[in-house]
Every structure is written in C-alpha cells, then in structure tokens.
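Several structures are given next for inspection.
What follows is a pair of complexes built around subunit A, which joins subunit B in one and subunit C in the other.
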Partner chain A sequence: MTVTNAETWLYKINPSLKLFVLMVLCIVALFIDDLNYMINVTMGVLLIFLCFTGHSIKRIILLSIPFSFIFISTSLAMIFFGKGETLWFEWGLISITEESFMRGLLVGFRALLFAALGLTFSLTTRPVNLFYSLMQQVKLKPKYAYSFMAALRLIPIMMQEFQTIRNAMKVRGFERGTGVKSIYFKIKAYSIPLLSGSIRRAHRIAVAMEAKRFTDTRDRTYYYDFGFSKYDQGFILYFIILLLAGFFLSIQFPLVSI
Partner chain B sequence: MEQIISVEKLRMKFPGEESMIFKDLSISFGKGEKVLLLGPSGCGKSTLLQVLSGLIPNSIEVPLKGEKLKCPSSWGYVFQDPDSQFCMPFADEEIAFVLENLSVPKQEMKEKIQHHLHQVGLNLGAIHTSIDTLSGGMKQRLAIASVLALEPEVLFLDEPTAMLDPEGTKEMWELLKEVGRDKTVIVVEHKIDHVLEFIDRIVLFNDEGQIIADGPKDTILSRYKNEMKEHGIWFPGVWDEYVKNHAPVRKQPFTDDVPLIQVQDFSGFRNKEEKIKVNELQVTSGEWIVIRGENGAGKSTLLHALMQFIKTSGTYALMGTPIKRVENPTEHMTFVFQNPEFQFVANTVYEEIAYSLRIDKRPQQEINERVRSLLKVFRLEAHWGKHPFQLSMGQKRRLSVAASIVKDKKLILLDEPTFGQDSKNTFALLKWLEVYRSRGVTVIMVTHDDHISKNFATRILTVQDGNVIRDEKVIQPGCMEPKFLNIKGVSCR
Partner chain C sequence: MKKGLKLSDVLVTIVIAVAFGIIYILWGSIYYFAKPLGLHVDQLIYGMWFIAGPVAFLILRKPGVALLAEIAAASGEFFLGSPWGLTVLLYGVVQGLFAELVFMVFRYKKFNMSVAVLAAIASCLGSVLMDFAYGEIGALSTWNLSLFMIARFIGSVFFAGLTAYYLVKVLETTGVTNLVRPVSSKDYAELDQK
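Then we have the complex of A and B:
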C-alpha cells in the first residue's frame, strides 16, 4: 500500500489549508464559463500535478490514464450531441456544431481540472497528517479523527480477507455455480464474513484505543504539530496569480476564438 | 500483602444469553503477584480480565453487579491479535498516540518512543517504520512497548503469544519476565510452556466460570491434573499422557503407495515475487506430512501453491495429470483454513456439510446419510439447525473440516488447524485425521506444534526463507530420530 517518493514543497503545505484551497478552486471552476480561461487555469494546475508531486513520471502517467479517458468521454458526449447553431458536421444522431464543440471542450477541461486537483491533494498528503492538521486548525474532535485513522488501517486487512474468502469459495466448489441464484449466494457468502470480521475488528481496535487511555478531550498533546509557513503563502499566491494571469491571458492572447 | 485488585460476588450476564457468565465470583490480587488464569475455552477468563481492568463496563457495556469492585488506577492491556490493537500506521505514531493521551509534551516524545522501543528489544532501523512491514512477534513487541508507555503498575496479558510461533513465544515471555519484574501481572494463556517459569499463582476455572482452584502453581499443577485434563486445558505433560493412553497413536501405515503429487522445479508467486521454491517433491497416499518453519518462512504459501490459489511455475502433476489439465482440482483435494468462518456458505450446520453434495446434485437420500454420519463423527448432531456463526470456536473448526471432507477427498491440506484449540478438540481432530490417513487419505498440514510432528507425522518438510531445506521421513512408527527433533520434556517412547 505504501509508495515511496520524494517529498516536495507540496508536502510542506498545511494539509487543512491545502484541502481548503483546492476545494475553493473546485468551486471557482464551476463558475468559469470561458474556454480560454478554463484552459489556462487547467494548465496551471496540471503543471503542479505533473512536476511537483514528487512521484515518478511513470506513476503519474499511469494515474492519468483513467482521467484522460474521463476528459475524452465527457467532451465527446457534449461535442457529438450538444445543441448549437453553426453546424460543422452531421451524421445520423451525431451533429457537431461550433457551440457544442466549445462547450464540450469546456466540460472536458473542467473534469480534467477536478481530477488534477484531487490527485494532487491525495498524492501529496498523508491521511494521518490531514487528520492531525484538522484537529489542530479546524478543531475536529479527536474522536472522529482517530476513528478515521484507525479505519484506514482496516482497508488492507479487509483486502486480504477478501482474497482468503475467494480461495475458500474455490475449495467449496463455489465458483462453479451459475445463474441469478448463485450470484445472490456469492454476494452473501462474501459480504457476511467480511462484514462480521470488520465489525469485530473495529470493536477490538476501539477497545484497544480506550485501553490506551484515549478520551475525547481536546487538551491533548500532538506528536505532529502543524502551523503555517511561507510555503502556504506561496501556495495561495500561486493560485491567485494563476487565476488573475489566466484571466488576463485569455483576453489578451486567446487560444481559441469564440 | 496489599490488595490492588479485587472483586466480590461478581454477577454478570451477556445480554441475550440465558446463563450467567459469572455467578458470585470473588477474587483478589496482591501487589507484585504474577497470576495465570487457566480454564477451558469459553469459560470467561478473558472477560474476567476485562472486568478486572475496568474495560468492562467502561469501554464495553455489559451489565454487571458486584459487592466490591476495585480496579487498578494504572494498568496496561496486551491483546491477542496483533493486527487489531493498533490505530496508527507507523510504529512511532502508535506509541506517540499513547503519549498524546497522557498529554506528554511533544519535545519529550521522540526520546520516550526510542526508550520504549529499546526496552522491548525492537531495534528498527528508523522509528518511523510502517507497522504492516513488521512480523507478528515484532507487532506484539510494539504492543508491549506502547503499553509500557503508560507506565502501568498492573499488566493484563490476554494470550499475547496466541499468534506467534514457538520461538517467538519463548522470546516474548523472556521479554515479559524482564519488563514485568516489578509489576503485578495477570495472564490468560493457553500455551503454558513458557508462562509457568514466570508466574507464581494459578487460578483454575471450569466451564461455568467458577473457580475450582486457586493457589501456588506447583500445588495446582500436581493436584488438579484430572480436572485440567477433563476440561481440555493444556498442562505440562498433557501430550505424554495422551500418547501413553492412546498407544499406539499412529495406526498402521498405509501400504500401497499411490503417487498423488509430483512436482519439480516448482515455484509459487505472490505479486510476481517468488515466495516458495521446491526442487522436487513426491507425495503418495497415506502420508501425513507436517510442514515446519518460522513465521513468514513460506509454509502457508507452499500449501497455497499446491492448491493453486497463487500463480505457480514448474511441473506439477496431480495423480499423473498436469494440474493445468485437471478440470476441478478441488474435487480431489481440499483445504482447511486457519479461520473457519471464511469457509461457511450456508445458513445451517446441516446445509453447510451438504453444500458440496448439493452442487453435484446428488440424490437427497445419499446427502442425508452422508451428512448425518459426518455430524455424528464430528459431534455436531445437537447443533445441526444452528447457523455456523453461532457455534463455538472448536465447533466451527470441526464443522469446517467436516464440510471440507464430505466428498471423500484424497488429499487434505490444513493451515494450522489446532491453533487456539483446547487439548480436547486438538486430540479429537488429530484422531480423526489419523483415521482418514490410515484409510489412504494424505494429510499435509502446517503446524508449529512439534508434538504433532513427533507423534503423528510420517514425514516432515522444513521450510526456510522460501525454500524447502529438509525432507525427512519418520523411520520408526511412533518415534522420530531424536537428532532432528529435540523437544524439552518430551521423551521418546
């Protein structure tokens, strides 16, 4: 589960702040209607995603594949079937107009932007750091923060158990069954032991946490301290400049004319 | 002696259950005592440990009543499952979690973490090490380190070595002896070989959760042997006694050797990494093969490779046919998992055993006969209508074996089948396997129990670092060459 990579300046940004800034950007992106502006902003975010996450190019390209697919599919749907006045091409149900083409690209870039923002965040933030920061900056209750962190530990364990159940089903000749009834059986055979196992495990972890004197008070000390630094200012500044410069460039030097 | 823990007339009942788990139980512990709680599985030892620590009712809400209930103010609790007692992903963060709970200032944390890791002999390259990369024994060491960070007066140990191999168990008790010297320690443990050196008092429970004996360990061990045997408690010498009373343990060897498995240059892969390598291996009918080796050596992986759960390379023939061309390998061989719950597919015990037969659409009459006879053999008749999950651990294990062998398999593979079982269930299971073996079924099992290798196995494979390094046949029936099996306190008859 753990991947090794170099830590770049993106890792040093306060996780809560990073989450907040990226969420604001997502909301801003919803209101950008100008294709040129959208392209500029997306390029600025892609620059960060491609160059500063500290992950290998190979991994980044691998992760980009599904998102490129989303970009193409969302754009194409709009391009082919969107309404418009200036007809470029028509074939059966498909009609490409200038307006639908531009609109399609806009929607595609928006999807790409969301993906790049999400990936940048998750690739450069350890969940533990995020929850520590949320407890310190956003005053999230320790009860919730530590529950989430404990739950994250359960995921790899559940994946292992799933594999074991699959093997067990093979032994019992389960795989050979066909038909609707067998699908129902399969869902039941997998989900009940997985769920019962997880519930028991979660309960055990909870008891173990209380045995280690965990209480839901806020006056606890923290192993990791998160404050704000010049990286945070830089991060905010980058996006302010991006939004302003992108807007300016889209007017002065538009890539496409609408 | 100053009493630091005591309960008087404790009455407790789990909601929804008919009988009380404790009825007027009184017990107390003095400062500095080292006590072992012994009893059959399901007698409530672990529950009592949780009551004594205050986890019940503070963390686990169970209604209870008692005239006096005195819990220690400073205590630590080590649980049996290494995987479900950590809430953080890294070793240093886990200990830091405890320190945070105690409001230790941040500046002091690093030093304390290092101190406690050193105390339990966990020498990690860097303290920021992922817990997932640690072995079971290392995880339990970490668990003890994080408990020591609480600076407890009392240590509660709930089968801390349940998931460890014999070597790890020994090391763990040596460590606990060291760190527990000036503390009060209350232990629940099934594998009592190494605990005995450590404790000075034993409390013995029966099935109903009543105390039948309480006193210095030597007195209890010598006077209550029969009670312990009756309740399936592992006591020193229980194996000797079994072997003496059931001689010869090993039935006649099965003589007409039919080759079952032939492998050559055989490798098993997990995530494209070679995890087990066998140069050559031939298995014939009627063999009882024990696979030995340290935790993580690749024992289970070998079984998984033979079952084709993982990718393999090399030649592997099952009864003369290459495995890839055998239509349903599971028709001929079966596998019993460590956790029986994973295997259950049906809603009742009866249907569970009948399941494989129903897939084959056998006639109802035949199914009925077959299931009934197996229910009888595995002592499950009384429970045929229950849901498999409602059974006790020992019953679940028996059911999983019964359901696996319902179709007369030629080969039974088992992954630590006696793990966590009391002595009664262990011997019962081994006896059945021996009956099947003497009829020509081949048994291949992974086990840490040297007594099984010694008394039941006909052949022993030793696995180390993903390689089968030794393959030995047992020469005399009933006894092995003493030179490669050296068990303390067990004589060769």
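Then we have the complex of A and C:
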C-alpha cells in the first residue's frame, strides 16, 4: 500500500524491537484486571496512535471507526450478560450488575488497547523492513522471511484474478442467481481457481528462486541494514514510564471507584 | 529425505495462508453484522478463522504446515490492518498450535474428514482458552456462556472442519495438489515395471 505520510520517530525504531515491545505490552495487558489501571494505559497508547503515526487526522479517524465498534460490542455483551451481585437493571434475559458493568468496560478498554497497538505498528512499519530486521536481529530463517515478502507481493495479483473471474461470471450471467445453491456454486467458482492458481504460482516462484541459487544460510548480505538507535531506548522508556505512572495514578487518583 | 520444510513448501503454505488472510479481513465485516443480533449469533461464523491450518495441512500433508499457515494468515490479516490488531497474532499462534497438535497425534499420516474436524475442534478450544484471558468470558452467566461455546463449536466444525475438507477435495481434482505433496509409496509402485 502506498500512502503518503510524514515519517515520525516511530518509523525509526527497529521493527523487530517494536514488534517485541508491543507483544510484551499485549501480554501484560492480558493480566491487568484493574479498570483504572487499564484506562490509564490505554490513554497512553491512544496518545501515541493519535499524535505520532504521521498520518492525517482524517485517516486516523476513519481507521478508528471499527475500533469504536469493537469497543461497544465487546463491552455490551459482558455488561448485559455478565455475572454479578449488585443488580442495577433487569429486563428479560438482560441483567446489568455493577460487577458486569465494570468488567464490560475493562474488556472493552482491553480490546481498544490491542487495536491501537496493532494499528500503530502496521501504520508505521513497512513489511519489507520488518522481515529484513527479523532476519538480522531475530535470526529468522531467510526462507520464511522471503516467502512472506513474496506472498505479500502476490496480493495485488490475487485481487486482479478475483476481478477477472468476476467479470467472466458476469458475462456468462452467473451473478444473478440467488439461494443457497447459487451461493455454494459461487464460493466454489471463486475459491478453487484462485487457490489453485496461487499454489501453482507459488511453486513456480520457489523453483525459480532455487534455480537462482537461493540458499537458507544466515551469513548472507542484505540490501537493507537494521541496527538499534536512541529512538529504541526512548520507545522502551515511554512504555516503562507509562506502566509505572499509570499504576500510581490509578491508586492515587482513581477515575472510577470499585 | 531431508527433514524440515523446503523453500517450496514454505512459500506455498504462506501464499495459501495470505490468501486466507484476505478472507479473514473480509470476514471481520460479516462478523460485525452478525454481532448486534446478540445471543452469540456471531460465534456461528467464528470458525472461519481456523480454516487456514487444516486446509494447508490437507494440501501439503507435511509436519509444521498447519502452525505456519495459521501464523502466516494471522500476520497477513495483521499487516492489512485488522481492527483487532495484535490480538489476531496471539490468537493465530494458539489456534495453529492446537490444530498442529492434532495432526501430530495422528503422526501426520491421516488426511480424512474426521482428523480435519478434530483439528477444527482443537483450534476452537485454543481460541476459547484465549478468550478466558482476553475477553474474561468466564464471567458471563452460565446459560450465556454455554450458548457461546455451543455456537462457536458448531461453527468451527462446519467451517474449519467440513468446509476445509471439501475445499481440498475439490482442489485435488484440479491436480494442483500433486505438485506440492510428498511422494507416497503408491507413487513409487506406479513407477515399477509391471
């Protein structure tokens, strides 16, 4: 995807390190069960997502729409159907209790946190850079890294093939059918040629790569070189401060009392 | 025979997986439409997110393929900007691992429908375990939780088990699977002079 945007300091962080830090943060977030703490941490991550990805505010807002959807739907299920003692409201199957309400918000904020972390990463990292960095810093085997990069390159071709099949079906008048039988037919008519074509192409690419002496040795030369810089330290420091400050703030100035 | 996956196996697996990654992204929007219906209707279609592992394994029939495929499909989904963000990566690893374990138990020698269904159920189990940590579903009231589990279970068996199996079966008729599968003793027998 080619989108124009300013390159902020988030782009200069080593991609492997960025992925690792965000992964650790996600796993930490799985174990945060305190709502105040969770809100503080989420705010800190949203700040990075909103201000430092270098994308226009319009695009950021557009990307946030599915977010809010997930936030609402994840928390609502828990708020309506969760267990709890202190009853606030009951109507048919729905029973809202204080405990379920708080837990619903917690789950919603956790979903929000995960989404913000993920989008911050994918907005500020080019896949090619990530795989080069993974080969250099994490010692990922080149065959996996190059396969990924090749596969990502094949996505536009798959889209094009999809369009071709669709046009062909339109010309032959298969698009108009309705009902279960026609859906079944359509799924088959699209998926089988797309899959078999992709497999054949992937196999051909692999044969070509091996014919050109692609080897799986790690002491190869790289077109892009990645190392560590002061931005990496700043990035780690930001999250350490966020986790500590968020914890103290949640004790000193709780937003909601539980 | 050298052990491990060759470049060709890895590339084919990842390309299949990335193709499913695109479907996973599109599936997300269907999931939104089902979610407001309430009562966990959305869980019926959840099983689609487990399909990459079984399909890739049934096509290539090699160890490690199911795990790799599910991770690759999740990363593809992640790179294309899934609104669930890093969640999909964590879930992908766990789901792939559980499916892989089933194939491993059968020593990578069974490719029938029941093993595909078993792998689907295992992936379902993995995702439920993750949900206990991430979505705190243990705190749902009992009737709601059972509905949730049953819906997801049915969906997994249908999508990741049966659909995956039939998809590969139809794919076999195109002959493309012969390109990527390891040779079996039957293939050698056919070469023998009669």
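Everything below uses one rule, namely that the second predicted complex is superposed on the first by the 251 of 258 C-alpha atoms of A that agree within 3 Å, B and C clash if a C-alpha of one lies under 4 Å from a C-alpha of the other, contacts with A are read in each partner's own complex, and residues count from 1 in each chain.
The rule is simple: a contact is a pair of C-beta atoms (placed from the backbone, for glycine too) under 8 Å apart; a residue touches a chain by one contact, two chains touch by 3 or more.
Given the structure is predicted, the values throughout are model-derived calculations rather than measurements.
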item	value
Partner chain(s) touched by A:219 [first = subunit B, second = subunit C, both, neither]	first
First, second, both or neither for A:152, with subunit B first and subunit C second	both
Which of subunit B and subunit C A:196 touches, first, second, both or neither	both
Partner chain(s) touched by A:248 [first = subunit B, second = subunit C, both, neither]	neither
Which superposed partner A:88 touches (first subunit B, second subunit C, both, neither)	neither
Touched subunit A residues, subunit B compared with subunit C	C
Touched partner set for A:184, first subunit B, second subunit C, both or neither	neither
Partner chain in contact with A:228 - subunit B first, subunit C second, else both or neither	neither
Touched partner set for A:161, first subunit B, second subunit C, both or neither	first
Subunit B and subunit C footprints on subunit A, overlapping residues	150, 152, 196, 201, 205-207, 209-210, 214
Touching residues (chain side subunit C, partner subunit A) in the complex	5-8, 10-19, 22, 28, 32, 35-36, 38, 40, 59, 68, 72, 75-76, 78-90, 133-136, 139-141, 144, 167, 170-171, 174, 176, 179-180
Residues of subunit A touching subunit B in the complex	1-2, 128, 146, 149-150, 152-153, 156-157, 161, 164-165, 167-174, 176-177, 185, 189, 193, 196-197, 201, 204-215, 219-223, 225
Residues of subunit A touching subunit C in the complex	22-23, 26-27, 30, 63, 66-67, 69-70, 73-74, 77-78, 81-83, 95, 99-100, 103, 106-107, 110-111, 114-119, 121-123, 127, 143-144, 147-148, 150-152, 154-155, 158, 188, 191-192, 194-196, 198-203, 205-207, 209-210, 214, 216
Partner subunit A, residues of subunit B touching it in the complex	53, 55, 58-60, 76-77, 79, 81, 83-90, 92-93, 96-106, 109, 130, 132, 146-147, 150, 304, 307, 309, 328, 330-331, 334-335, 337, 339, 341-345, 355-356, 359, 389, 403-404
